[in-house]
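Naming follows writing order (A, B, C and D), and every chain is counted from residue 1.
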Amino acid sequence: MKKRYSLLIKLLMVFILVPLFAWSFTATAMAQQSKKSKQVQKVSLAKDVYPGINAPWTEPKKVAFKGTIKIGDISDMTGSSSKSCVLVDHGLNDWFRYVNEYLGGVEGYKIELDILDTKSDIQNIINGLNRFIDEGKPIIYSAIAHGVPAAVETSSRRKTPLLCSAGTVSQAYRTIAAAEKEDNYFFSLSPVLSARAEIEVKFFMEDWKKSGKSGTPIFGSFNLDNPLGHESTTGARVYTKKHGASLGVATYCQPAITDARAQVTALKNAKVDYIITGPHSDQAGMVFVLELARQKSADWQPKFCGHTTFATAYMEAKSKAHEGLYIYQYMNTWFDKDVPIVKWMHEINKKWHPEVKSLPTIYTLGTQAGIVMTEALRRGIRKFGDPKNLDGSKMREILETFDKYDPLGLSGPISYNKYDHQGCASLRIAQLKNWTMVPVSGWIEADPYTDEQRDAKYWLKVDK
Amino acid sequence: MLTIQNLEVVYNNVIWVLKGVSMEVPVGGMICLLGSNGAGKSTTLKAISGVLNLQWGAITGGFVEFEGERLNNKSPQDIAQAGIIQCFEGRRLFKHLTTEENLRMGGYLLSSNAAMRSRLDMVYNYFPRLADMTHRISGYLSGGEQQMLVIGRALMAKPKIMLLDEPSLGLAPLMTKSIFTAIQKINKEEKVAFLLVEQNTKAALSITDYGFVMENGRTVMDGPSAKLRDNEDVKEFYLGLSQVGTKKSFKDTKFYKRRKRWLA
Amino acid sequence: MTIDPAGIYRTNYISDVAVVRTKTQWIILIVAVILTALAPFYLPKAIVNVMTLTCCIIIATFGIQILTGYCGQVSIGQAAVFGIGAYTSAILVNDYHVPFFVSVFLSGLSAALVGCIFGIPSLRLRGFYLVMATLAGHMLVIYFVSHVDFTGGQIGHKADYPSIGSFVFNTGDRLFWLNFGFLLLMTWLARNIVRGRWGRAFIAVRDNDLAAEVMGIDVYRTKILAFAVGCFFAGIGGSLAAHYTGMIHPTQFPMMDGFWYLGYIIVGGLGSIAGCYFGAIFFVVIKEVLIRLPVSMEMAKYLLPMTDVAFGAIIILILIFDPKGMYHRWELFKSYYRIWPLAYK
Amino acid sequence: MTLIIQAILDGICIGAIYGLGAMGLVVIQKSSGVFNIAQGMFMMFGGFIAANLTLNLGMPMWLGTIVSMGAMAVIGMILNFLIMRPLAGEPPFTQLMATIGMLSIMYGLVMVIWGTDPYIYPSEIIPIADLKFLGLHLSPSYVNGFIIALIACLVLSEYYRRSKEGTAMRATSEDEELAASVGIKVTKVLKLTWSIGAACSTLAGVLFGMLGSVNYMLGEIGLMAIMPVLVFGGLESFLGALLAGFIVGVVNMIVGVYWEGSFPGITAVVPLIIMLLILIVKPYGLFGEERIERI
């Protein structure tokens, strides 16, 4: 017996000690890395990268910061969407580091990112949000919170802006009546999901016209069984009708599935010409595309358009099945090198992360969020002076002054107002070819929403 | 062959069940172990066959010796290997297994398949009734057949000693008789020694050739069965006869003149 | 049963089953309660928030303790019942404008009702089959609330700040005091249930339901009752949690939580109400610590699943080394230090 | 028409795999009397090990599968030695909680070791061409799953019925004391059981992952898939498990194809509903033996 117990104790020791060791080790590693990056030479194009802040320095700027502004960031380091979240935080970190080291921070204040892992657990998200708000963070970014109604509710309850990569109608929009009653503290950066569906439909209708086939195309949708997925499906249903096509079959799946046989079989049976999807978890997306490739046949060659994460799978996992799929991007990517900000991106990564060869779209999402937050803080400090008296509601006012603000040509213009927190309203469709993304359309803009459509109830009604 | 000296057994370190049991089983002997309920007969058998420690019991004093080697606190498997097989009280068998499977389990330790086959045939000719219900689920057999199966299963393992715990429990007298004749037959032909715990004292004493009497965890009296049968005390307390050998009349039921004097 | 210091004898039944026995215990209890109630004044807000949520968890743990620890019916559906309570309260308060203090108890009752439905299989099922039944029940409840309209479906349902009359519990501190008050109330209730007639019936059924039946206890009625009581507590906890979070969504009640509740009572100690405190707080602390560790992004990926690993390892270790749980240890500790320094071996 | 036939065929293929997974649990339940709720995690763990061997070490698929089965067999043995053996003779509830602990540990470890990305197997175990006939389409992974799972099930059940160890295992589950007294080494039997159970669920996991991908949720999904199978088949019978697997698979597929679109998420629920009904009507499953357990 004794021996067995000692074994058990060793087991526990391992569980506790291993992570601690690993943690300390990486901590030191990070320290050395940052020491190395102290002697970084000039980034040639600092000026045209950030006209927003009047900072023409090209050398690392050693300034005595007046203070630090801490920004909260809540994301899933572990869980079904961890990959994307890690990339986004990577982008954010790089941007803030650049701002601090080269542009002397925002108005002389250092920006720090305080990242909290949620482990895909709702309670953690809410606790984390409350914690950040209690610590007086003026603004909080999250790549996932729009999937978590409770988080959005908490932020508007505690009156602190919550910046997300995307959002649903019920989160991003307020009807005139509702907006009078209470302010909306949720801010999205890219088109809401139903709008994305519309853009996909628009693109495919064009494609249908070009192909010169007769009749109307049949659409199919494949979405997660969660708020985002449901809204995407509803959007697909509404806009296919609006553009004179029909949604043949709508399929759903759980965030983590091991096979998508049933869904693809259903789509195949309905003989859909186009399949449109909203955001997806890595697992579900991968499995679905594989199954699709398996079941494609001579008489059934559907065209598929999906979220940018499909590109990640295509380029990192090098999965042949993704060849030729369409994806929508809400900003310029790593691959259009002619855009200055993207050039900057390459420079930065060459200097700071030489091991990184290619960064898919999601990375730029982080950069975009960083730019918006920096700009907002800058305006805030300009208006209210010391960041100490920048609180949530003030930040909301500042953000709602954004009007067609151009995030350094990274994406379409971003504008917020009392009723509309959608942010940028346009997408671009690209195709996955020879291991990169080839844009096949310009920026397509979604139609503005009527007041009726801004009500979440509308989308529920249509779903029935 | 099997020697027990001052055996003491304690259950979960509190209940002192055996307080000094000593007995001796010769080769091919036929020994019976008498005693009232709770005297510790079954515990003695379990102590010998080593299943005690499965029941939180342990041998704290004395020893069990089999062919010159100590069996104290050995694992049941080794003891079974050595050739001591116990049949538990109340005809315990693997109820969801068939008759044949039960017997095969009995012969689990047999090396070759041929040996198994021959043992099976042997068991079947001792208990022909088992032969024609080989594939029945043993749980559904009748009491007598189950008892036969139990003994047969023990026999499968080439035992040198079989410890029988109340084979006649809840059986019809006729069935009891046939069981006992079978036991005698086995004892004669296979040279298997028997240690027989029995409430049916009369039958037990009639087939065995030596007997031990237990009270409160001690062996208090022993002797050849014939002599025990004539012993007044045994007559009084286990055979329920008075000295005359007639049924007791109500008049002398209060037996102050005779008491278990070993319990002073 | 608590171990009393020497010289304290119980002269009648009342004092024998009393919740708190000695003056010293009273004093300690009152001091502890006051200290906790004043937490918002000397603890950082983040911790107070966590404590607020922990109160709800502990209340739900009372439920599973009564159901599993006392009546021996294993249920993994506790998380779902928690959700039922949350949804009922949210819908009542927001859509039908029922006063909060009514809706709390209504949600408890509705949860109890669902509990009875969960319990029906327990009339015929034992052991693993019951476990599977409750697991299935959990999945069904979650599916239901996430696909009907009046619960808000996938959009989720709002739950306003609790209010009594014109007074609104709209700050973290107020919410904490509210939940803490409920926690005390529920503790009192639970203690009285388990030491009363019901409690004895539960224990009888747990230890040997055949014997209980012979003793004249209606086993089926008792089992259903146990389910009802257990789920009642879960419902109360759920509704408090709902009004604390402000928005509820099916994904807030994952299957793993059902396991965790069982883990709380194992670690805290089966069959002791005070044990719930130990178990729940112990695990909440572990979770929080693991989340707060200041690690790099890359490390976080490796460190955070360790909560699951730690949970499992701790449960197993407790089961092997100290099946009586932490509450028992605490009792031993107390009885040791009561006679300190004259401890005898 | 072709749609429903297609669904039924796929359902049967998946069902065989469910059956195999359930069988892994039945093996352990049969002889040690422990309801191992961590079985789904065994599936996942095995699946990941196989993925690691084939993708990173470039083993051929069949070899990788066999090796991972061996590895899991050892792991199962170790778990039995470390966790279940000290708890032998404890009430079933304690053992159940211990398996829940196992589940939690393995779930965490998988996330630590392999992260949350999906892993795609390089090939099938038995290389088969795509079967396409009269509008139907059987992809090789499904055919693989069906054939291998079926063979495994039959071999296993025969092993249990005929062989000496098999009988010994059943005997042990029946009455440990008696088994010990006839000379069966109980600890050895348990060791064997756990390794067989683990290996068997590993195979199921690999086949399951071959349909799509292996990811960190496979454990939960596997458990959810296995449970109804167990109830249909009863916790004691092998062929029962296989048949029940077919039933559940077909139901899953048909529901998934026809109703998933209009009632999202219903695929996971329908088997559970049927399971509850069966439990209420026939508490010990369709093929199960009446046996009282107390928790």
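Here is the rule we use: a contact is a pair of C-beta atoms (placed from the backbone, for glycine too) under 8 Å apart; a residue touches a chain by one contact, two chains touch by 3 or more.
These figures come from a predicted structure and were not determined experimentally.
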Note to self: Please report the smallest number of touch steps linking subunit A to subunit B.
What the structure shows: 2
Notebook entry, point to check: Of all the chains, which has the CA centre nearest the overall CA centre?
Noted result: D
Next item on the list: Could you pull out the chain whose C-alpha mean position is farthest off from that of subunit C?
Entry: B
Check: Once you count every C-beta pair in contact for both, which comes out on top, B-D or C-D?
Finding: C-D
Check: How many angstrom between the C-alpha centroids of subunit D and subunit B?
Finding: 45
Item checked: Separation of mean Cα positions, subunit D and subunit C [Å, integer] -> 33
Next item on the list: Mind checking the centre-to-centre distance between subunit A and subunit D? Centres are C-alpha means, answer in whole Å.
Entry: 38
Check: Using the average of all C-alpha atoms in each chain as its centre, how far is it in Å between subunit B and subunit C?
Finding: 54
Next item on the list: Note the residues in subunit C that touch 2 or more other chains, in rising order.
Entry: 146, 301-302, 304-307, 309-310, 313, 316, 320
Item checked: Where subunit D touches two or more other chains at once, by residue number -> 86, 111, 115, 264-265, 268
Next item on the list: Among the residues of subunit B, pick out those that touch two or more other chains and give their numbers.
Entry: none
Next item on the list: Would you please name all pairs of chains that touch?
Entry: A-C, A-D, B-D, C-D
Notebook entry, point to check: In their shared complex, at which residues does subunit D touch subunit C?
Noted result: 29, 35, 37, 83, 86-87, 90, 92-94, 96-98, 100-112, 115, 220, 224, 227, 230-231, 235, 263-266, 268-269, 272-273, 275-276, 279-280, 283-285, 292-295
Margin query: Residue numbers of subunit A touching subunit C in their complex, please.
Written below: 5, 8, 11-12, 15-16, 19, 22-23, 26-27, 30, 77-78, 82, 86, 89-90, 93, 115-117, 119, 121-124, 126-128, 130-131, 134-135, 148-150, 152-154, 157, 168, 170, 225-227, 229-230, 456, 460
Next item on the list: Mind listing the subunit C positions that touch subunit A in their complex?
Entry: 44-46, 49-50, 53, 146, 149, 153-156, 158, 172, 245-249, 251-252, 254, 288, 291, 293, 295-307, 309-310, 313, 316-317, 320-321
Notebook entry, point to check: Hey, which residues of subunit D end up touching subunit B in the complex?
Noted result: 164, 167-168, 170-171, 174-185, 289
Next item on the list: Could you pull out which subunit A residues touch subunit D in their complex?
Entry: 1, 4-5, 7-8, 11, 78-80, 82-83, 225, 229-230, 249-252, 254-263, 265-266, 269, 282-283, 286-287, 290-291, 294-295, 297, 317, 319
